[in-house]
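Chains: A, B, C, D, E and F, in written order; residue numbering restarts at 1 for each.
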Amino acid sequence: MISNLLIPAVLFFVIGFFAQVIRSDLKFPADLAKALSIYLLLGIGLHGGMELAKADFGSAVDAVVAALALGFLMPLLAYAILRWLGRIDALNSSAIAAHYGSVSAGTFLTALAFLEVQNVEHETYPIIMLAIMESPAIIIGLLLAKFSRGPQVQNDNDAGKNGHSVVGELLRDAFTNGSVILLLGAILVGVLATPASLKKVMPFYDGIFMGVLSLFLLEMGMEAAKRIGEFRKVGIFLVGFGIAMPLIGGTIGLLVGHSMLGFSVGGVTLVAVLAASASYIAVPPAMRLAIPEANPSFYLTLSLGVTFPFNVIFGIPLYYEMAQWLAGQAA
Amino acid sequence: MVKLVSEKLIRIIAAAELEAQLVELSKRRSVSGYTVVDARGAGASGIQPGLMDIDSNILFLMVVPPEQFDEVMEDLAKIMRRGHHMMVLVSDTEVMRRKNVSVDKPGV
Amino acid sequence: MISNLLIPAVLFFVIGFFAQVIRSDLKFPADLAKALSIYLLLGIGLHGGMELAKADFGSAVDAVVAALALGFLMPLLAYAILRWLGRIDALNSSAIAAHYGSVSAGTFLTALAFLEVQNVEHETYPIIMLAIMESPAIIIGLLLAKFSRGPQVQNDNDAGKNGHSVVGELLRDAFTNGSVILLLGAILVGVLATPASLKKVMPFYDGIFMGVLSLFLLEMGMEAAKRIGEFRKVGIFLVGFGIAMPLIGGTIGLLVGHSMLGFSVGGVTLVAVLAASASYIAVPPAMRLAIPEANPSFYLTLSLGVTFPFNVIFGIPLYYEMAQWLAGQAA
Amino acid sequence: MVKLVSEKLIRIIAAAELEAQLVELSKRRSVSGYTVVDARGAGASGIQPGLMDIDSNILFLMVVPPEQFDEVMEDLAKIMRRGHHMMVLVSDTEVMRRKNVSVDKPGV
Amino acid sequence: MVKLVSEKLIRIIAAAELEAQLVELSKRRSVSGYTVVDARGAGASGIQPGLMDIDSNILFLMVVPPEQFDEVMEDLAKIMRRGHHMMVLVSDTEVMRRKNVSVDKPGV
Amino acid sequence: MISNLLIPAVLFFVIGFFAQVIRSDLKFPADLAKALSIYLLLGIGLHGGMELAKADFGSAVDAVVAALALGFLMPLLAYAILRWLGRIDALNSSAIAAHYGSVSAGTFLTALAFLEVQNVEHETYPIIMLAIMESPAIIIGLLLAKFSRGPQVQNDNDAGKNGHSVVGELLRDAFTNGSVILLLGAILVGVLATPASLKKVMPFYDGIFMGVLSLFLLEMGMEAAKRIGEFRKVGIFLVGFGIAMPLIGGTIGLLVGHSMLGFSVGGVTLVAVLAASASYIAVPPAMRLAIPEANPSFYLTLSLGVTFPFNVIFGIPLYYEMAQWLAGQAA
């Protein structure tokens, strides 16, 4: 099983993490990091769109429903744990919870690389789920914050002139987030564009995709390690939550993928990864704008510093094992 | 000699997510313009290494005439009151704009 | 014909445009945008150079002559329209006119993608014309400004010590512009380098070219939409000019390509695009330095916000239709 | 205690195209150096989103001793008179340079 | 009206390699935070075009309360005494931080 | 032989150099430049690692020993020349010397492109030597400075609190330098990762490698030309040193590669390039931190402005000729 980890994506992640830990002066250009994630979202979106074009409508709908269910329920579960087990204040709980209802594209892509290397087939609906799951979690996060805030909302509406704090504005943000646009847009292109024209762009979006992903993970490794310094500030409970929550989410995802969607081992693994991973693209900015009182170092440290590395190193192989086991039971 | 006008330089250090709101503020208060520089850093709200859109800061500059100063600051305070992490630096500065240099006069 | 637009290049442009219109927080890294246009200029230049190496000298000369003619005459035509129809002041007219004598590499490449998808053959001389047409328009722009300015020139020559305002300096700028250097340089490499050595770099400059172009157009879509806000400032006449001028230029280009150069449908379409498009790379900086009194928001809004989108969405398919019609007449 | 020298901080916000001229100016006036930061923004001459070379701004910093100040400002005014869009901010600043800190003395 | 606090703005222009030391300094002196902007430039130690890690500068900002000022400057002087090329600009600035704006009071 | 120079890598270097010389406004995005060198280090490292996996241990050890020998001795030789021939002060001599004990990845890669185009086989051990040679030179540079400084060291240790001036800290820097980490890390990935998984990333790290290298050299050409302005400041002796030293180093490298390592013509050429080239990645930052009294414009101008262009244009073909001649003698 350890051999499963010996793929460039994971190894580069470890190297980036290591470089940061030993305080290497390795620098990653800011615009390269941003460029890589744009490229990856477009690449995966195009791929998903082309598959979707030949997909069966019925099962696509099921996947969407499952994605919405996970997106709306996971944050509530996370919120409950944070509030009543962790005694975390309502606003920070809301912000953190939203992250766990959403997904991590980087984790998802690492899982794809993981499966591909072992030639494990997988359904492509999870890619659509990836695009859908960003937004519902944001909405729940906002509603949770709204309730816990109460009166302040008034003041918010005054300040609404500033154009960003009215709930309506925030819902808009939930759907106009850059990464959501890129993902949905690329899926659309994959569906609409003529096969002949898509063939011309695939050497870029598909041919070098796995290599670009490995470079991206080098940077994510550095990002993750940078957050370690904040662990003390975040506290033992939250760090523990950052490991426990993906396990809970992963298990739920496995059941959804296996029982509700009836996916293959590959597909089930991907659904588990969706449920287990925490967003570090679409949700943080939404929370920063909607719940400014929450401390970004809490949710960013959990999402980037704890849950992401955990999933990449331990989670993915684990969910895969469990998916195989489930499949075995079924057979 | 060139004529210099005394104005207020307002520097705002904030998370990149706030750029849209700050631009909107400058327009609402019809400030003559603004300048933005990408930045990274660290503070009470954690490290902002500037590698992703979500962990980047900006340095937002506005030069405003004294009469506009108070209302702009009040708007900034309003944003802060909603809980946003920002740092606002204010200082007096002498400004040379095109309107100050007589364009018709040939170069001295 | 609408199906002609369903290619990634155009669709990505629309997505970028749309993202900006709905005020998405999608950000495009500045250095990525700049990197993409460097890559595209080098890629197209190498391609052109390799073709040029096997080209027939005579027709190459004809293409160069045609390019110079278009580059020198189009701005005069544009200037006349702006001054006497639009009553635009002389300096702004000069600056805007120069843009329409020059070309838009992005539009040209979109046209290439458009033709390639439909397997329409085309001559490669237009690529050389692309490299040549940047400079003449700049020169005309400078001369127009010089005349309309009159006395001020004196002052300019004094200030000449500042090393940039003497006309000589500006002519130098017209030929040392970064994009001109990249394009001519890459053409030169394509001509000089050994085929064996070129083969090694082509997977980068050719294999992934169309994909990179589509990413570039995503950014251009955002750029274009950003300019919409300035339409009111620019005024109805200029916005109209930004649509009428490419139609006039395109028609002239069609005739030049068809009658003067005797190109095929593909080649004629490309010449039309050259004449119809407005520069957003080489000319703006030259005008900013040479005609600082002109308002950049006028020529940038026209070039990036009006003419570029118009050509990408409507112009290219239209010029192609007309080229086919012309070919039909000839037969 | 460290010795601080009073100098003038000249900040120029201009289109990126003007960088070469500003560098040239600093050399001609033999200013000890300059610092440039990429910027974006908006103003009377339109938006400068900073995505292409043609729509980017720079923040050009020059620290000059009082005696150099006037001639540098005059040169900047000259550029403006030719019609260039620039914004020049001037403020007094205390400067610590290497020559101010006695290198031979060991760290206090 | 918003409350402004007088503090010291310390701007350090230095080679990018020094960033780690400056961050470390700000932590050791428990400054509340810092901001970094990438820069290029030229000076006595040559041109820094900012194209590679080895030829880039940074603009390092620290806002410190008067009582912290001297010790921070002393540390900076120490780094300079070791021969490092840096330029330190100091100026007074008015600062609005979150703690200054009463968060409980609703927007005026 | 001139035809050997007609490869894109070299031609692009010349174009970049030329663009700068004619004061073109061509700009190269900072983060693109930094991204390219990260990519190239990873690409060459992966390549080396995959080869190393199948390499013979014995000869690998020989190569490592040779690399260490060159890394430790070349700086001493350089130091002697600078001090006693050039009368350069001790600290600047130490800093400059360290650069010549180390290597230039860009020169090395250009040599690889040069050999590949002529289908000249080469051993892969030089890639490992490339990774190893960065650090020893730094160490020697530090020791030289330490001795020449004497008392000052005391003060350094006080300031040691600042965490960077204690020699121990600096040795750490010598091995944790970003480029060393990238190179060693990628070699490790090439050795550890499963062949199946490496195959997935190779289209990115190998397929487009030569093309990316040519783009990188365009930027290096600009970098080099930017330094010309500093020649007067640097002085005639040092500029001469920047040309003489690679010739001396190259000769030593040829002998080491030929006699000590018994490499083929290709391998010998690469060892010569390693010995002849001067670092512009790992050593400069180390020297800036360790020998701040030395003037960076001296060592950067020599490394980037003199030695790098000399090696790319004249050195590589020359060392190759000499390697052939040596092989001829042997036969």
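Quick notes on this structure:
Heads up, the rule we're going with is that a residue touches a chain if its C-beta (ideal position, glycine included) is under 8 Å from a C-beta of that chain, and two chains touch if they have at least 3 such contacts.
Note that this is a predicted model, so its numbers are computed, not measured.
Chain pairs D-F and E-F differ in how many C-beta pairs they share in contact, with the greater number at E-F.
Chain centre most remote from that of subunit E: C (centre = mean of CA atoms).
Each chain gets a centre from the mean of its Cα atoms; for subunit B and subunit D, those two points are 18 Å apart. Once the centre of each chain is set as its mean CA position, subunit C and subunit F turn out to be 41 Å apart. Look at where the CA atoms of subunit C average out and do the same for subunit E: the two points lie 44 Å apart.
Annotation: 34 Å between the Cα-based centres of subunit C and subunit D. Each of residues 17, 20, 37-38, 40, 50, 53, 78, 81, 83, 85, 91, 106-107 in subunit E touches at least two other chains.
Shared interface positions of subunit A, defined as residues touching 2 or more other chains, are 23, 25, 27-32, 34-35, 155, 159, 178, 207-208, 285. Here the chains touching each other pair up as A-B, A-C, A-E, A-F, B-C, B-D, B-E, C-D, C-F, D-E, D-F, E-F. Subunit C makes touch with subunit B in their complex at residues 23, 25, 27, 154-155, 158-159. Taken together, the subunit B residues at the contact with subunit D in this complex read 1-2, 4, 9, 23, 32-38, 61, 63, 91-98, 101-103, 105-108.
Remark: subunit C residues 29-32, 34-35, 38-39, 42, 46, 172-173, 176-178, 181-182, 185-186, 188-189, 192-194, 196-198, 200-205, 207-208, 285 touch subunit F in the complex. If you check the complex, the residues on subunit E that touch subunit A are 16-17, 20, 53, 106-107. Across the complex, subunit E is touched by residues 13, 37-44, 50, 57, 59, 70, 73-74, 76-78, 80-91 of subunit B.
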